[in-house]
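For reference, chains read A, B and C in written order, and residue numbers begin at 1 within each chain.
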Amino acid sequence: MKKFTSVKDIGDLKKAVNEALEVKANRFGYKHLGSNRTLLMVFFNSSLRTRLSTQKAAMNLGMNVIVLDVNQGAWKLETERGVIMDGDKAEHMLEAIPVMGSYCDVIGVRSFARFENKNADYNEEILNQFINYSQRPVFSMEAATGHPLQSFADLITIEEYKETTKPKVVLTWAPHPRALPQAVPNSFAEWMNATDYEFIITHPEGYELDSKFTNGATIEYDQNKALEGADFVYAKNWAAYTDPNYGKILSTDRSWTINSDKMKLTNNGRFMHCLPVRRNMIVTDDVIESDRSIVIPEAANREISAQVVLKRMLESL
Amino acid sequence: MKKFTSVKDIGDLKKAVNEALEVKANRFGYKHLGSNRTLLMVFFNSSLRTRLSTQKAAMNLGMNVIVLDVNQGAWKLETERGVIMDGDKAEHMLEAIPVMGSYCDVIGVRSFARFENKNADYNEEILNQFINYSQRPVFSMEAATGHPLQSFADLITIEEYKETTKPKVVLTWAPHPRALPQAVPNSFAEWMNATDYEFIITHPEGYELDSKFTNGATIEYDQNKALEGADFVYAKNWAAYTDPNYGKILSTDRSWTINSDKMKLTNNGRFMHCLPVRRNMIVTDDVIESDRSIVIPEAANREISAQVVLKRMLESL
Amino acid sequence: MKKFTSVKDIGDLKKAVNEALEVKANRFGYKHLGSNRTLLMVFFNSSLRTRLSTQKAAMNLGMNVIVLDVNQGAWKLETERGVIMDGDKAEHMLEAIPVMGSYCDVIGVRSFARFENKNADYNEEILNQFINYSQRPVFSMEAATGHPLQSFADLITIEEYKETTKPKVVLTWAPHPRALPQAVPNSFAEWMNATDYEFIITHPEGYELDSKFTNGATIEYDQNKALEGADFVYAKNWAAYTDPNYGKILSTDRSWTINSDKMKLTNNGRFMHCLPVRRNMIVTDDVIESDRSIVIPEAANREISAQVVLKRMLESL
């Protein structure tokens, strides 16, 4: 595997899930693969789960790990050719990225949407520079438009907890005090569309996601209707995608918060969220603490999705 | 060992010191214990000695180490149930802590007293949340009310340097420009009380520590009298504990600074301090640089106390 | 090797280069040397290449690595004896350094010139305190007046790319918007003077470097004349060294920027720079992107120079 940014990079999903479950049962069984191999994790944004789970996955595989926290204020990368670099950007990505590549075997990159320029975000300018110039396999640790390690972990989790062969999975928008990127819902939609699950997205009008990701999914503006009979409820906030509101908060309507009344509409559904989660905005205390909440095993599977991706990259070196 | 926050957790002190000396003589003799095991070190506060010595100890044991610096400004944990999380706290401890636990085998936590709420500090709210929710063995890397890795290192050091079977050990308050927590003197008192040493605490009136920790120790308000015949002088500043002055500086009286005249009162005593130390506030240059100062070997023993605790936790997994 | 701060510490240059090429061809062939050995990297200043390449080199050798980022604001070291430490400096170097040394086997230190006190900078006060008090082998990861790991990597790179036995190497000043230390040009001059290359330094008047480093090199104020027939062009900015202008920017004259016209004066010369580089200040896009630019392999050799230094230090333990 030379890059991992989309569901397309993982190939056959059944095979990928089986490999994940195999890795989960035998985490240290592939340590020879990472011997004398180094993972460089580059963070342009802060991280808790991704930082810890990806390091753990790499160490399970016997890799060395170097973590680089790029402080956006202190170390800005120039991205355009022809600029006279007499301002605050100390280095051009055309030097920085191949140099980083020269000190490692695999690179993970976290670079969120900035909501300053929709094209720059949706062209994944930072991530793609790493793919184009590092000469190393590159995987997304959440980029501007996708978070495939999260979606792969979500898929593994659904496969572990599903009680029917074709579960009904509902992705629901929920309110949040800050404007959040669409990376998680984009990827979740993309991955769910690649399964044979029944997949429905519900959100207030105006919160339509990029059809590149949601293509094929049913959109239902009535949350209660969407939740009927759901086996899995995946709650997440995101800011508006469509113009002219890109990056804006259009609603903080707490009637969209997932509470126990809404869960009663489901088929004794499981509650999921990528975390971190704002309690009593996204979901009430009682729902997230209930025995139908699987947010902790879902987060624990981040180690497994990362390990499968790293394993495949190591195998391809 | 499932937790390490107090002298009670270490069991028989003679046995613990013997184990420490054995580990010190053969640091890499237990590397098999840490194979495929990961230590997560969570810092809510800055650290030099603890950060380095605990990493070193874990690596001596063959463990993988992940360091997480929680920037208090950037990533605040909500601790109360029922709160609508629409403010600056992005994640609830009820999610964050079990997730951290899922990526590691052992957790170390540093979380100082904040002097905002005495009950919150003395109930060790942060540390106890890790103990209760992480599902992993947890050890204190200095918490609000104790610093047992320091006290265990202090005990090892005294055992190495003592010239009589029952040395006289004096813990003396000394001045400092900032308000410091009571964690180090609390733990030192607790550990010294668990030995058969002669143990005396001296401080200005108003600086009485929590009797939960000092119980059994002699309190002497006359520093010179306390120092008479001392084999070990342990200097440390702390802010007031007793109400209504909790967290306040009551004195910066430099007549309490340990100088060579005061050391002359002792039985050619050894000078100890946990470091970092303010020279010429806590202790004069000549005393800390004298051949009776053992602050450097004392700090070096932090590696050993951490290694014994980690070794026992690994043995219990 | 007990310290590495200067070309004098590396001994015979031919032997050092041969060892570097041997290490480069067999990076993991010396892993036994670092077993149970720990490198402590102490950064008083930010770093990209040095941070990554030195970690990589240490891991190639099987060492454990601990990285300590000293936040200058948060943790200031007192350096003078006799001071009453009642201000913002929490610890004296006389304690901090031996303690750091006690937790590791080898120490790397990055500590830039501050341009506050020329004597303090040129006496390498911070680096020398580590050498004097840590009781461990210490190497410079760029100090106030030198950057020998960079110069050693530069030498290896020139040896790999040279097409004549005695190449002409030109170090040229180039403009930059900020005042930069002389560490890189000082070391480069020192190392080039130790070879049998033809070595010329060119810069505007007023930018003369310390003759301790440039001694023996030809100084030519006419950049075009200096570049004639050059096999290697090493561009770098630095602030003034000579009094009363120490640390000041005397020129931002972009006629000194290396462009393709200037490169035409050379003997089809190779372009070098230590990076990070300000494009179109130091060098134009077309020159740095040309096939005569060797800045990326030059940076990649930072791993090799660090590995030779660490290897020798490990061999001497």
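Quick notes on this structure:
Throughout what follows, a contact is a pair of C-beta atoms (placed from the backbone, for glycine too) under 8 Å apart; a residue touches a chain by one contact, two chains touch by 3 or more.
These numbers were taken from a predicted model, which means no experiment stands behind them.
Rounded to a multiple of 5, the C-alpha superposition of chain B onto chain C involves a rotation of 120 degrees. Looking at which positions face the partner, chain A and chain C present mostly different ones, since fewer than half of the interface numbers are shared. In this assembly, the C-alpha centroid of chain A lies 39 Å from the C-alpha centroid of chain C.
Counting partner chains per residue, chain A shows two or more touched chains at no residue at all. On the side of chain A, the complex with chain B involves touching residues 27-28, 46, 48-49, 51-53, 55-56, 59-60, 177, 275-281, 285, 288-289, 295-296, 299-300, 303. Of all residues in chain A, those touching chain C in their complex are 36, 38, 40, 64, 66, 68, 71, 74-75, 78, 81-87, 90-92, 94-96, 98-100, 102-104.
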